[in-house]
Amino acid sequence: MDIERLIEIISEDIPRRKTPIYRIVLSFITRDFKVWWTYKFWLLLDISGIILFVITYYLFSLITTAQQIYEAGYMTGGYFTFALIGIAFQQYVHFAVQSINESIREEQWNGTMETILSAAIDFKIFLLGEVCFSFIVSSALLLMSLLVGIILGAEFYATPSSILTAVILTILLIASHMDIGILSAGVIMKVKQGSPVTWAFSWLSQLVSGVFYPLKLLPWYLEWVGRAFPLTYSLDGIRLCLQSGKDLTHPTIISNIISLIIFIFIATPIALYIFKVGYDAARRDGSLGQY
Amino acid sequence: MRVEDLINLFREDRPRTSSDIRHVWAVFWANFKIFLSYRTWVIMETISTVASVAMYSFMGLQVDARRVALAGYGDVGWLPFALVGVATANYLWMCISRLSHSLQHEIREGTLESIITSLIKMRSYIIGQSIRGFLVSGYFMLGVFVVGVGILRVPLIINLETILSFIAIILLMVLSYAGISIMAAGLILVYKKGDPLTFLFASITEFLGGVLFPLKYLESFPVLYTLAWLMPYTYALDAARRILLNGATIFSHSVLMDVIVLLAYAAVFIPIGLRVFRWGINRIRYEGTVATY
Amino acid sequence: MEYAVETFDLTKVFESKEGGVKRIIKAVDHVNIKVRRGEFFGLLGPNGAGKTTLIKMLCTIILPTKGTAKVNGYDIIREPMKVRSCLGWFHGETGGRSLYWRLSAEDNLRFYAYLQNVPKDIAERRIEALLEFFGLTKDKKKLVKDYSTGMKVRVMLARALLHNPPILFMDEPTIGLDTISAVETRRLLKALNTELGKTIIFTSHNMFEVEQLCERIVMMKDGRVIADAPPSVLREMLRDVRAVEVEIRENGDLSRAIQALSSLSIVRRVVEVKSESLSAIVRLQVDDEYEAIPAIAGRLHNLGIKVSAIRRSEPTLEDIFVKLTREESA
């Protein structure tokens, strides 16, 4: 192609309309999906890791008593179902937050972040695209681990309305952890390392959110720390829905939902603010494309 | 400093005598310094080790102690049973992933090229890296025991004999996996990825080795049960538990059997591993991919 | 006479797969060179000529596909350890990679001294001296990751010299250096060669540098040796080369300008085109520069092409390459 022709094509000016946000977000999702699909090996690994995890806790459940689980108000399924829900949802949010961080790191590493941000896109939209993708992938993994659990004999007791309630709780769980993902992405942009925020979150929530045991077993001070984590409320609510058939009419669930909403209201502006600080700092240092 | 002075300095020279021990030391020393430079990581990893022990102690509150007795270590609780499992499994995983991890780094950064042009034998490099892995993982294992025994008062039998026997078993465990780890490193040299493979390997080990539950419960899955007893880790863990839970020593009859199996694994796999590694090095020298910067 | 480096049909073929299609690249193609002991030997060639692959084979980092070579009398395939004991290798194109970024400069050198079996007392003295020479004493305890590229390159240079090897492979040693460090480095290399009799195999893009330092130059292109001569001979080859540079003011006129220039009878050939963001420079070999300049100006003016400068130019490496490849294909 000669230069004249090229210039002709480039200079052909279409009146630029504002692309609808959903189109931009969708284009991020498809792009991420394509990139992700090239790492089939990793996908296989994620899946087998989760299966192994679930089976391990199935075998562990064989040596447990269901006493504490019943006392905590989760009536069906005993320890295995209890742990299955805990693991599945904890892995779910952990994976999602992790993959937000990784995609930011990746973009910084490859220097593609600068290209994207120079394309006149609001950083909030960019972030939304990244976040949506990671939750789509982790949702698939969540369903898979529940499926493995059911094959191994996990029992649930649920009604249509309690399943609906569980879905609502899951959505709130996602929303609250989007904030955490965004927050740690901001930290990453500034410090350019695996975010200590994600890390601390991951082990702390495993310890105090009641993933592997009812909160009652914790000493009072750890139980109290657990109350700061959205995972605690979500897990309790989801378990009541799926193990005891409770729904929106149950007072504990209502209070769980309210707590989650409060968390989201407080955390969203903080997370966006920290992200913006990290983003601006990275631009100021001229280190967006650095690693 | 002028050029002339530098030249004069180079006039002075003594024959360089090769010393494998110095090479091993150099690799250990340099990589240990690099490890220490990751301060945040060390602190984070230490805290999460402590947290995980705490987590297991709460999990233990739900366990029916009678069912743990099925494992055959007498009337011990679940927490001591699991603590030995977790400590050894973490140790093994950190230790065997170390070598392939470092090599991947050396290829990416291009430092492997300058190592190849130097006088070090690859054998010394592997040993130096392994000693580093040994000590670093030892630090975290110590953390597990300090928290477990010191703070949570987990009743392990600790005296000079059991400590020495336990250290010997850990050494044997690492040796029995050394061949596999060197082999993995050789494959990583060529294929440039494979960290996920070691990861998968580690989680299978942890799952099948009976870290959290007595292997008796695997008996209803004959395939998995057989697989479990094909892994050296299962024997190492059995020996470690007999020592720390029952007070056996390395010379006790039940432990001796495990020791023989571990030695057999080491004897078979280390030569194979070294051969694969040599193949890997020559392969990347032939392909011209010693560095990928 | 024993040579410091001697290659025998040394060949390296790389195979790569791109989209399922096998590609074969002959990086080094039956190269036979002999480098005398104590010689300052230049290896010249454009990017991708195979210089780095050749040097890496001689340093035992890459195994040859065919042929072999002797370094200091030792075979690079059969006796790699002996070869390694007598060479120092520097590769400038890595841009300061190939060091441990999480160690200090001092520790990097110390590590390498261990690996090269340098006695401890001698190693310490040399490390201190080399760090001082390369102006790194102040920062010697800082981690290399916090160094600038130029500083990293200097640490790498120090590393190549540290064990006092008789043969030095210096692949683009001045590439990331500032002018002053480059001058100092050249002086040091020259002194190592003349005072201590070290054999130096040197590659560079810089014609001036090569001419100043090397006693003999081998030129490579597409993996093959296309010339082997002292710099004076190369200079002689350039004696009848007359070159003119034309600066075109607007990039857009470039293709028209090249067409017009190559049709002029006084222009022998277009040697090189350097396109910048707005303007472009065209380098021409001509029969007589003093006649060519007005002819070029007239022609371009008639075509309405804006020219910001037309000047006579010293012959460069590019001219030699064009000449040699023309002669070879003719």
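For clarity, chains are labelled A, B and C in written order, and residue numbers in each chain start from 1.
Everything below uses one rule, namely that a contact is a pair of C-beta atoms (placed from the backbone, for glycine too) under 8 Å apart; a residue touches a chain by one contact, two chains touch by 3 or more.
This one's a predicted model, so the numbers in the text were calculated from it and none came from an experiment.
For chain B, the chain with the farthest CA centroid is C. When the C-beta contacts at A-B and at B-C are tallied, the pair with the greater total is B-C.
Per-chain CA centroids place chain A at a distance of 52 Å from chain C. Our note on geometry: chain A versus chain B, Cα centroid distance of 32 Å, whole angstroms. Averaged C-alpha coordinates give centres for chain B and chain C that are 45 Å from one another. Taken in their complex, chain C has these residues touching chain B: 12, 14, 27, 53, 56, 59-63, 65, 81, 84-85, 87, 89, 91, 94, 97-103, 107, 111-112, 114-119, 122, 125-126, 129-130, 132-133, 143, 159, 161, 163-164, 184, 187-188, 191-192, 195-196.
Remark: chain B residues 40, 44, 47-48, 51-52, 54-55, 58-59, 61-64, 67-68, 78, 193, 196, 199-200, 203-204, 206-207, 212-214, 217-218 touch chain A in the complex. By the touch criterion given at the top, residues 1, 3-7, 9-14, 16-19, 22-23, 25-26, 29-30, 33-34, 37-38, 109-111, 113-121, 282, 285-288, 290-291, 293 of chain B touch chain C in their complex. Those residues of chain A that touch chain B in the shared complex are 41-42, 45, 48-49, 52-53, 55-56, 59-60, 62-65, 67-69, 79, 193, 196, 199-200, 203-204, 206-207, 212-213, 217-218.
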